[in-house]
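These are the structures in question, set out in turn.
Next come two complexes, and both contain subunit A; in the first it sits with subunit B, in the second with subunit C.
After this line comes the complex of A and B, so read on.
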């Protein structure tokens, strides 16, 4: 047993080390580029690392995180609920699909940010505007993937279930839901990334707090380090969100091959 | 006592009295007349007993024969408890297959005189009369099969009568199957072979209840399970094992196996688990209960699917090319597993395959299906002893059968090949 646990530990650190090596090489190339004379506009990684603690210790840094995260979470959650509520009936009824699909297909290509002017006019507060845009960003990928997931269920599973004596309820909960779950989670993974993009852009355009706003502020106040710290924070936030979705996925779908 | 006191003319007269043979071809009847012997049986003797080998069938000339096991005559095609009308036929078992056991006995209640005809000889005679002969055999088989179901209480009598399926009848009108009739006896293992696209799967789907039919009727144990205009309903009495794993990927093997009986309320969870584990042990898969289907190999998956089907106590098990694409070694292991389970449970099995050797090795009867339109071209009886073992594969009987089947299939395969090419040209 001790052999295997130390083996695993060594594997873990190997993967970790390789990952860290990759990051270091990235920083190295960045620093090198600066030293040669390229990328003069940007600060080097050393400067960023030096300036970061100062930025992060400011009071509103953590607040920015929570404000952005709140919007992401809210918009995403509403998108999931609505996408399931709309997607499942459409996926199961051909008539409904024929009615609703054209409408959805016209709205879908409109990028969330194109909705900004209308949202500002429509929603009473800028907070609601941003949540609305976030919702729009997440909604369509999840919906499309739910529809694809329902479609992709092999008819033989349904036939087998019917032969085994499954009723309508069992068919839905025991066949349709697990069958569509992998596609749903693909949709969630895509959507969470889009959600962050939309939030940041919306904050830059019309927000007054949050990570995006913070980055924009740094630009306004000519703090290059601030911009980069802001960007890195956003990147890390996105990474953490995707990992959470991934972990939840693995919990819900234990049968997927590791 | 063999007596030669009937002229051919008189024999012919008695044959024609029979409701089945009365309308048959003169030539056929004359051949029977030539062949049949005329025998007198003493009162209170048994002409044949239950479990005897069924060699001959009989046409009553005079006297009375009783079937003690038969309760009451039912519909037109069933067997009466007493045979006392001249021309009546008894001893059906001999007509249906070369060597089944008698399921009822024939007891002479009076001095009885009858024409004795060898069953196997009669079958071959009918085959030489092509369509007409087949029709006759089929009608006789229906009487026997239904009777076997009612008397012996065996379930799983599948009766496919004049079934046809036309896809898109108002559009392209593709005739998948036309006028197909098959009688499958309870507990029989029937294999259907034929070229791709000849309608084998269509038939299977119709029996299973996944697809409708446009003409004819399908009965299971005398009840209609599919007829034109019906929206057929699948059910656990007709379980299907598919080509690629239809095991639910999101459930463990054990969950897959027990979901059927639990969903139908037939067993509780612990009972079902025990039964499932039992069967898993029998086919050498004791430890995989907690794995997901993605973690087991194709060959294992097939065995699991067969067990899943059997756990639902179906009346008939339908297998649609279940071992297609499985490598030869795994295939023979899986074959033996299937045969073990068959010997254990003796369910009626309908097995579709491309592999002719597989068909002969597993089945009691091989039906050769032709395409365009799909219909049964030929039936080949497999009289190899059970339990089957791999040594049989090189026995002369097996090779003879293989030749027979290959010959029957070859023409159809070429035809299908050519017409397939024409379609895409």
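After this line comes the complex of A and C, so read on.
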């Protein structure tokens, strides 16, 4: 009895009630604006909900999800591997860092999407173009955060380990890896959001399938419901990927309790 | 006497000072001709050498699409370039101006809307409970996914592009302003309450300065993503600007122009971020002093 009442209290807390009220008001205003004719182009939420099943039952809807997710995953995975392979040696050696950092600083500020045309020309297929752009978007945030993570390690830990007779291997696995991991995962969280953004834009500009292309096609055929369903799907896909990344982060770093 | 000065000199050298470094050119020399700068220049030189080698001397398949650096830079600074874009052509500056204006308009809008909203989220609990879920609902949608909607709903070409450019920075600013308010030590609020501050005074004297470091973090993120989204917006929907220049050059196969526009975009983005960082450091000197960093 007490159990169920505390359950209800936690469900019906003030925060949750007000949150639901806020979302309801948001949709209410949207629907009202549509009903009284303020929104001429944009359909109301009811129309979107009514039109969504037809859109989502199309054969290529699920295929769009898997195609975009595949690109995001590939680009992200390549970026993680390369950023770690390049970032760890650069972060550990001051000479190497001074040697390579200026070059990276020249390339880094160029927005990933500015690479779009040249990658269309350079890579033989549009699939490779999109994976390359996704990689590019994810690579620099991860790299910068690995470098920052290694920099942030307290020199005294290294000195203490050395004076206790730690070898190179121990130093790497016991000091460097746990010290740089939180920052690495910050980078991964930023990177996964950027990958979705880049994939969407690349698909809109040069793709022939995927969630971004689906949204673009809806735009071409002036299907507003399709655009909104596309946007919503992209948002949900991004949210799921971020959750997966932070879940993995918590698994790898059990000492960071939140 | 001479012995002592020789000893002094030795001591100074041992401590890393150079005894004669009082005149400005020696100071300049010492500051800029370090191993660090030398290694950096070596890295950059190697980068350009590899680039030159792969595009001019031994060209692997598909590298023919990349112009060689010497040709690229001579075109960039030539008075009559083959493709119409160089530092002497007015078109180049028109594209730059359009892009810069768009980014700063979007950035201004993002902070003008984002900071008050973020502070409000931190200030009032009821407001937070009601509005934060809506923000979280819209935030995961990437800015460029708004492009089709923006193009159909807003008038003209400028408004959709600015809207898309604004979107990412807007959420970054809201979130960081809100986190800034949350980061303020509770005792400050209690102290303000003890001193009889009105709610308005709490906002201007406690909340705003307390949240400023986070707000500036938000600005930096906003500036970065603004350039990022601008390129996307201009490529997909624009009729002018550097993003459009890239896409236009692609369609006319003017490879050099693509690279000129890319490098220009990179430099402008870098400069904008540096500018924000400098302003932030100037405005928050009190905080650095508190931490003993100045």
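The rule we apply is simple: the second predicted complex is superposed on the first by the 227 of 258 C-alpha atoms of A that agree within 3 Å, B and C clash if a C-alpha of one lies under 4 Å from a C-alpha of the other, contacts with A are read in each partner's own complex, and residues count from 1 in each chain.
Basically, a residue touches a chain if its C-beta (ideal position, glycine included) is under 8 Å from a C-beta of that chain, and two chains touch if they have at least 3 such contacts.
It should be emphasised that the depicted structure is a prediction, and the values quoted were computed from it without experimental measurement.
Applying the stated contact rule after C-alpha superposition, one finds that A:179 touches subunit B and leaves subunit C untouched. More residues of subunit A lie in touch with C than with the remaining chain of the pair subunit B and subunit C. When both complexes are overlaid on chain A, the residue A:49 reaches neither subunit B nor subunit C.
When both complexes are overlaid on chain A, the residue A:78 reaches neither subunit B nor subunit C.
Once the two complexes are overlaid on the shared chain, A:148 sits clear of subunit B and of subunit C alike. Contacts of A:159 after superposition: subunit B is touched, whereas subunit C is not reached. In the superposed model, A:253 lies in contact with subunit B only, and not with subunit C. Contacts of A:170 after superposition: subunit B is touched, whereas subunit C is not reached.
Considering their complex, residues 35-36, 39-44, 46-47, 62-63, 65-66, 126, 129-134, 137-138, 140-149, 151-153, 168, 227-232, 235-236, 242-243, 246-247, 249-250, 255, 258-259, 261-263, 265-267, 269-270, 273 of subunit C touch subunit A. Only residues 14-15, 18-23, 25-26, 41-42, 95, 98-103, 105-118, 120-124, 193-194, 196-197, 200-201, 204-205, 212, 215-216, 218-219, 222, 224, 227-228, 230-232, 234-236, 238-239, 242 of subunit A touch subunit C when the two sit together in their complex. On the side of subunit B, the complex with subunit A involves touching residues 208-210, 233-236, 238-240, 242, 244, 246, 248-252, 259-260, 263-264, 292-295, 308, 312.
Interface residues of subunit A, counted against subunit B in their complex, comprise 154, 156-157, 159-167, 170, 174-175, 178-179, 181, 253-257.
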